[in-house]
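Structures given as structure tokens follow.
The same chain A turns up in both complexes below, where it pairs with chain B and then with chain C.
What follows is the complex of A and B.
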């Protein structure tokens, strides 16, 4: 993501590949070691839930807003969940204001897919009046500082914000949904964890930073749930991956994801 | 989650009569458009998709020129009449994402270094959509690139596999995609043995993940034989004619 113009980073690729051959990375991490993850929740009191997540120098702020809405015709009794992400122009010298870039659209859709497909939120508990009114949960992510791997940082921010979000309990009165003052948690069932792995030369590295993203040939994001199931994935970038490395990446995502899930649960319980 | 309809019966037969590992009928035709430098048309189940290639050509706007290779542009677009409810013709976020992953799936096969400072454009138009339109689009687009005489390392062929309940199945149609439990589009370069597109949704055990992934590769190799035949017909079989390939009995 946003690799163009990283002239200096491209020159460092050769050295990066040499180091990787001996199992080392430029910043000293092991190949399967993600950067330091820090999660702070409740940072925006006006939001129903919020989380400020740093993954190395990547900084993402996610906010949850909850309202009532009209259900989709094919799911009349289920709530609505929408995850969106915006790469702010302040986030990097290469980011621009204006309509969302292809990268930003992919980021938002891949993050949404991980949350949706894992069935993190029990949508059946968000129905109010079938076909007429349901609870709509919007999660918007502001990418504030870019240093690689926006996919994972954004996903952790969404999961943390949702896990700590509070919403009004609604009651149905005279065929109308009315908010009460009682605050209840969002019906969260699972903890999806996204793990992004980059291929640089023939090596796979977990949680690439900007420098590594500028040199990577291929990127794969795999989201797993609490039971070690795989619930979403997206391969990106112009190069390919061998079938063996796909399966290797799946195993890495399951094991690395487990440690990250423990951190998220600790920060949000 | 699965709807009320039963997508697969107790004998393992799907709504359209297929077994778990069978493909829908596929028809490929190469060199079907007059103006385009290369083109291919695919019918895959109810999908009807046209792919056309222009280039290598001059790059406009010029600031997009890549000094050492060709710029590959790709647009996946669905016609407003291609789906049940009219689709707004403006590109949706879904189409923008699919255009990106199709481009990334094709660009590793095209020898872009052979055409510096040029653009190669790939237009994929979904005229009628069923499940698996992106992999069908990729399968047709790589034929259109070959038809345009663009240097390539390999063809690219796609197939989508997925889940109905806990059963891994190949080549989901529209109903199975919407009401089934997972969809996994995969594109491969069959001779190089490499994966150039992989997307997953649904909940897969590690075992089912591998099973669906490997089935998609196996089916892709089968469709690759149809691609070869379609190209052979185009260049050695006289008039361009459709090549219908029946699936080998399982």
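What follows is the complex of A and C.
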């Protein structure tokens, strides 16, 4: 029989709720404390850029591929950016092979939205021949181990991979885009950082692990940029959140995001 | 007592030659007994055994296992027993022979997420293992902290005739219940639980260290903690 989702032991959940009431968590973290973040870049030699990110026990590998492509008709002079994420079947007892699950699709879209809406990559610098040829940036992520909060881990992996990616400089010759041997960085302007906050009972916790994710009532993922602007957000799960808690979550995501951004910048510069 | 020879083997290694009784994870090829897993082989006078270092829990009849209710259907509870198979606890084992899905409410007894101490009633390869809670001490476990270890390391956590587990239990003042499937429930004072879990993790990490017993004893320190 297939295991559909993570069932948290009732005695564990009881303790979790008890601890949360006194401001503690099962793994000893403070409510607004994310897990240990570790970033390695350049792990795939053949990719333009890559990063392996661990957030606690969650492990994500991101790779960047850069090529030329045909622009979308509504943005003829802008480049193409595509972020995709896949959850490998071996990453968790609950992941299955086959077409991507709803969760995997949401993960890819939320990650993509954070990168896109923060205008991390200056797309106008990726145009080559308007309407005909532009630079296309593909970021593919593989989730290799699941221990909660895939949103943030994947987002950090994508940002780190893009920040360290190198691409060939293209020149236009005889109305054709030609790659030169010169390697240049991707035009990165900002460093978006996504912070996921889960509500368990009436408490908000940052960076939920899989046990907390399985017990949460709702979650909200907020992406902020270097200037503390909120660029994207996504709410998940069936339950609701009060306006006060949304504001609290926004403040937390900015302050926690700041610390994480510093770590990403340190690891990628 | 005959001398038992121990050696680490990898798949393909010849454990012994000759005529022996042999257990799981060993294959007989002509005169040779070949290991199929990475593990510690024990060659006795007329018997060879292989204890793999890792692996899933494979159910055996009469094993005591600790499981988690993950689903309820009309006829019983589906139990996660930390194995590649899900256990099944039939409702008739709990409500008696006159059980009928129409009159009995299964979730009034055990809900999804509950932890149960169970025994494997029967298991054949063609069917999922059937569980039972008949007998003293079986049934819902209502408090404690859950620790999961590799099922292959359960014998070391228990120790020879329960010496290791008794030591940890005595030193920390905790009730410790070990399922053969690698699920352990530790109950006691908060400090005791933390200490007991540390000790169990130590045993798991250094399974094959010589004189593990005194190492654990040293880690736990003298005196009795908790005990409220």
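Everything below uses one rule, namely that the second predicted complex is superposed on the first by the 260 of 269 C-alpha atoms of A that agree within 3 Å, B and C clash if a C-alpha of one lies under 4 Å from a C-alpha of the other, contacts with A are read in each partner's own complex, and residues count from 1 in each chain.
One rule holds in what follows: a contact is a pair of C-beta atoms (placed from the backbone, for glycine too) under 8 Å apart; a residue touches a chain by one contact, two chains touch by 3 or more.
Since the model is a prediction, treat every value here as computed from it, not as a measurement.
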Applying the touch criterion given at the start, work out whether A:13 contacts chain B, chain C, both or neither, answering first, second, both or neither. second
On the A-aligned overlay, A:239 touches which partner chain: chain B = first, chain C = second, or both, or neither? first
Once chain A of both complexes is superposed, is A:159 in touch with chain B (first), chain C (second), both, or neither? neither
Partner contacting more residues of chain A (chain B vs chain C): B
Overlap of the chain B and chain C footprints on chain A, listed as residue numbers: none
Along chain A, where are the residues that touch chain B in the complex? 74, 102, 105-106, 108-109, 113, 116-119, 220, 222, 225, 228-243, 246-247, 250-251, 254
Residues of chain B that touch chain A when the two form their complex: 93-94, 96-97, 99-101, 104, 107-108, 178, 182, 184, 189, 192-206, 209-210, 213-214, 217
Chain C residues touching chain A - in the complex, by the definition given at the top: 68-70, 78, 80, 86, 111-115, 128, 141-146
Contact footprint of chain C on chain A as seen in their complex: 1, 3, 7-13, 15
